[in-house]
């Protein structure tokens, strides 16, 4: 049977983001095939949702090819770009249980060479924790806020800063937290203007949105189409 | 056909709260009959969810018997108790659209003679609005917080004060606000400890909870059962 | 990497409740770090949702520091306050499957030094079981009712007593019980006035609400702000 | 165009219940055609969900053919059977807003000649109201319980009596009552054994279930199939 | 700590059904205690939802006391009543996966001494399978129909017979079957009049409803209250 | 401002179906503009969901251009194709309230020149009504089944015939019918193999699916791409 | 106890599709019995949802009788029909995780002797992947599209081709993908006319629908009832 | 009674966006008061969700103060900033029914002086409509995509361009479109990386997000905090 993988190699040229391999629901053989393709083409590649048991099930050669980070369940093939300059993105997490999702965002930003700042455990039950970062947070063009339960932190941050605020609702909590739906709905129904959101637990998506907002994708594709790139920010 | 009303006259003795007439879904004849019974027994009675058209549909005698307040959709038959002393309850509303629900709570507290303080339009999109009341709010044994949309104000207030915080989610908002369900779930999944909630738009219920928490119901029924009343607070 | 824990040590002063460590979703390393911080500062600390496997995964030193109660999945670091005087709170459970949630409430009350009374297996299918406690229940300023399935016990109790009734819906049941949502909705849509509710299976939250209603949090923070404490009740 | 009505005239012979005309969503012409067919065949016929405006929109001849009862939104063509003997069914309603649904059940029972007893406004917020009927209720082979909001009355009654208890959840209430779903789920997840339920607001269906349980349908169809009829009960 | 079991021993006298022990969520110790109480009082007792692993976890003495049936997950302590005479109840299952639920109903009926008839694998995809039982099914005062997926069998049977039809929706199926909710909603929204339903997978409840409908509960409690029992049927 | 209409004129060539104008949510000006474009290009055009008030709000010239059918809420501009030969599609409706949706399907088929057969009011509560059409139904390559409430008719028909069965769930019913969702889920979770479904109340879509299944779209586009057309069926 | 299997052997004659054994929820004994019946009658039989562990739990003789394909979880007893001629159906999958569902469709088509074409990993994030198959896809009378997440591929394909497009939503994705419900709703609410859908992950059902649409069932049953078969297509 | 309006005048300085008045649920008096405050302070102010009847209910003076646009339901007090330079944002709508929401976004962008480009009626049922704008769309730093029904356009656009793509799901459609929830879930579960979304029908929020992403809020607040502003883009 022919290959079951049909990678979208033109994506970076088209939108400035390469195709990441979402490992949930893929067999070890399929994941290993994707890794081999990347190595054969000498491409860097990001893998997400690679649980430790899934990593352990890979062939040794595939494991050896990966820079694997268990908490964030991400792995990288090849050398990512080097992050330079001042951080342009802040990744803020409400509680300790939200850390893995925040780390997925940070690893994705690092893969694309975007410097970022992590601020942890600043949920609104102790409001002083986020307020002490208020002035700093106003400096970032993009702030990614990672929170579960009732997701009140999204609205609080979006009311404090003027950059793009990307909410990442998480499945932290139980009962009425509804596996992340309550935080998701809170982000969508926020009283703060211009807050945007991605899917539950989607730290990878929030990082991609940040990269889009920073104009990286526009710049790169612009180069391909002959248009002048927008000025870099920050 | 016999009477369709079977009022629970022993309720005040039992739980310290008299039966209120919930007017939604009742015919004008049924509402008027309840009013007549209260007048015949010389009782004070609270009516809730009496929309202006429903009020207008009542017989003139029934209308004349009522102290009617259109914004809160409440009406009172007879003289309510007099509120005395310092306010024991604060009623905090997030936005202008939440005012009618907050007013229902205030009218209910007034009916039972409980002094209360109203604080309006302090949603978290401008966090300074609630923070400037922080010290004052810590003084109240009970704080009722009325908010729709994402309901972030519930967690913010419950993280600031030590009294009982009763959330009243409202149906303010649209789309992902889901007619109040998002604010309701936010109250239930809050990261702040000990927050409690009542049904969507139920300002009346929040006020009754405040009265229970203040020990009024315990005191009154205690009198009937020979137990010493707890000391009043505040 | 810096600490992933950012405890809210000012919370007792602010709201009269210290931060509890919710162990679900935390790694053994994170839980052990929180225990070590409490020990280093000589603080008492409550841990909730610590399943037996999670307890067993802790380092021996962390285990030794804990007073662990498997049924309620709670653990305590250090010495809790001593409960004194007559019970102020009753914890009523509908069925045997609701016991662990009731025990979480009882352990939390004990941690804060609040004397409480447990009444078990009094579901409404045999109504005489709750009715025989009717007079006793009227004496408590706060009654916590723990029930799953259809949650009819919430309304029955709230119709009998005048104290604050806090419903704790549980995930007991199957099918239309919807993992606790039916009991939760029953508490919210109750025909009894002034009933309040917390999240599904949240015995900890109900106990915190009881402490708020008893004025403990108001008293303690009042001390910090120079206001006279309200008289203790009961 | 040919007739749009295709009535199931064999249904009484088959199951002991004739086809009722559910008027919601039918045009006045269609309702009138059904009435005319019944008159032409000299049959009795029950119509349900005939709102006053829908009744008013019928041709005068159709209106004149009907015994119309606005509160229950039912109408009868021709002479219903005469009810005889002691009541075999009790219809119990929790609140005033549940009356129209209870009346739909009572009108349906009357149409089939089944004597019934109505007990109104006995919701559990004042438990004494239902308890004073306890001994009487034990006498009925079938008890229909009509309740909205949290539907606690279903479980309470099913725990008190040994006859068939048919719950009719109603759309009374708001917010978490979810237009009758909470009462419906409460009936299904009841802790009382053997409680059955019909659709929200379906008083007609509950009455039909009572008639099935009383063996009327078995008896009548048995006659057609040559089997001895079961003895009537009560 | 005192006993965690508070059995409702008066239930048979009150409603003709004894308390069954629902084993899901109970510890082996709690189940064994209930068995010991029944043995000490020389009572028969039914246990439901006792999975094979839960049975295996019981102490040997408790296991020895049980007549255990793995497919239906039911067990009986002591001698059940003897079933006599013609079957009064038919238990009809749509597919092989619905059998365990049907068996729970049959075991419950047997426990109470009610003779019953089982008809299996007659789903509507091959309509002839149910139609060949049409005449027989009309003879039973009660027909229990057990079906998952789309639950079409409920309406088909209720359109064919005049006895009480009790639907038991099952969690058979996937996706849009929504773990039994679709079959449940189909039973409730049926176009056939007088169909009633119990909770998803609740074979025990359907059997109890049959016993109520057969007048067993009325007769027994009537004996206790001095009223003449209704004639037995069938 | 430029035109707000951007019609897909190549659609017939591409997929054999022309763009229909869905009138719900469009202003009279927008609908009239679409009609004018069709007239100017001398095209036939189908309009759906044109309620009588929306029709009445159109300019007189637009009204005059339409062949309008109020029950189905459809209108046609220009001359539809002539239907020829034997009917290839049967449209079966469960109840009178489902007729408008069935008529929308019939009008769409007529617009495309497909002969069809209508069979009405054959819901499963009287199973003989559909069974008497069993042999005839087996002759049609496509059977469209229109049903609301519990949607049992879908599975019954799909178990009887071998042609393509397209379910159209309708919003007929109340409560647990959930505005058509129960019938929709019943179609999806059907025990009969190969049943397909379209959206709730979407008679238009079912007719388009029939046209696709009959190979009309393949034939026409095939002509454009040089491939031999499949033989017409029937 | 009698057999628990009641196979519908007349189904091929009636609708052109034989009964497949859905193995989920069946015991190994029940599955083995079905296999033995097929062997005894010398019939071919398809088994679906036979997970590797379920296959491993079968008796050796049953295993030996099967042509088992783990990825699609299907097995075949006996010799399937031979596929001949040009492919009439295309099976298109959006991502690698959707492959098992697509394979279930392909195996079902092969069982019935229908030649098919597989096109993999053509999700819309890289639109060129599906567009390069546009001309080819227009040639198939039926196109089965298998997609999870947001299911955008359904509408895109249905806008490109004129054959019958059958959507198979899959449970691929997380969070807002809601275990396949979002893709399912996307198929139902599609802006492309005439798209039909089957249940989530139901590759088997989609293949059966294709066979119905190709007229196989009509032809075969027509043969039995004396009607001329429609011409085969393609 | 004191003012019921408590405007957040510092918001522009804080986040670069002024407070807009959401008119749904506000009384004419409240809206007029907000307008008067803006006029008294000589501020520009945006009003959203001002339906024509709500506009008509305003006092004449308030009406005169407004630049009102009925399709978008927006109004402006005072002079908005002048838009200059090349468009930085594209607003793409899938169908005619989505236009009002797109216009709300355009009016909001205009209020803040951001030049924008509108592209209408390019839904995926005719894919060529969006593909012909592919090169142009790659030039915009932000693309707002407005779509209802299945929302496939979001993923298609996000797969084509590298700028920030903000989805605005709309309530266009019926049945399984679920008043916009399906399009919302489609945006969240998209297979295209980095797509973000706002609430259903929230054109205003999408425009605010665009302004945040363009760095306007960062620049302005940066000025207040002494930080160098990022370079403007485009």
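To keep things simple, chains are lettered A, B, C, D, E, F, G and H as they appear, and every chain counts its residues starting from 1.
The rule is simple: contacts are C-beta pairs under 8 Å (C-beta built on N, C-alpha and C of every residue); 3 or more make two chains touch, one makes a residue touch a chain.
All figures in this text were calculated on a predicted structure; none of them were measured in a lab.
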Quiz prompt | Each chain counted as touching subunit B and subunit D at once | solution = C
Quiz prompt | Between the pairs E-G and B-C, the one where more C-beta pairs touch | solution = B-C
Quiz prompt | E-G, D-E or F-G - pair sharing over half of the B-D contact pairs | solution = E-G
Quiz prompt | Separation of mean Cα positions, subunit F and subunit E [Å, integer] | solution = 44
Practice problem: Report, in whole Å, the distance between the mean C-alpha point of subunit A and the mean C-alpha point of subunit H. | Solution: 25
Exercise. Report, in whole Å, the distance between the mean C-alpha point of subunit A and the mean C-alpha point of subunit G.
Key: 36
Quiz item: Can you list the subunit B residues in contact with two or more other chains?
Solution: 125-126, 158-160, 175-177, 184, 188-189, 193, 199-200
Quiz item: Tell me, which pairs of chains are in touch?
Solution: A-B, A-C, A-G, A-H, B-C, B-D, B-H, C-D, C-E, D-E, D-F, E-F, E-G, F-G, F-H, G-H
Quiz item: What residues on subunit E touch subunit C, complex-wise?
Solution: 2, 4-6, 8, 10-11, 14, 19, 22, 24-26, 30, 171, 180, 184, 199-202
Quiz item: Tell me, which parts of subunit G touch subunit H in their complex?
Solution: 94-95, 123-127, 149-152, 154-156, 158-160, 173, 175-178, 181-193
Quiz item: Hey, which residues of subunit F end up touching subunit G in the complex?
Solution: 14-17, 20, 135, 138-141, 158-166, 184, 188-189, 193-200, 204-205, 207-213, 215-222, 225, 227, 230-234
Quiz item: Which residues, counting only subunit C, touch subunit E once they are in their complex?
Solution: 96-97, 99, 120-122, 125-126, 128-129, 172, 174-177
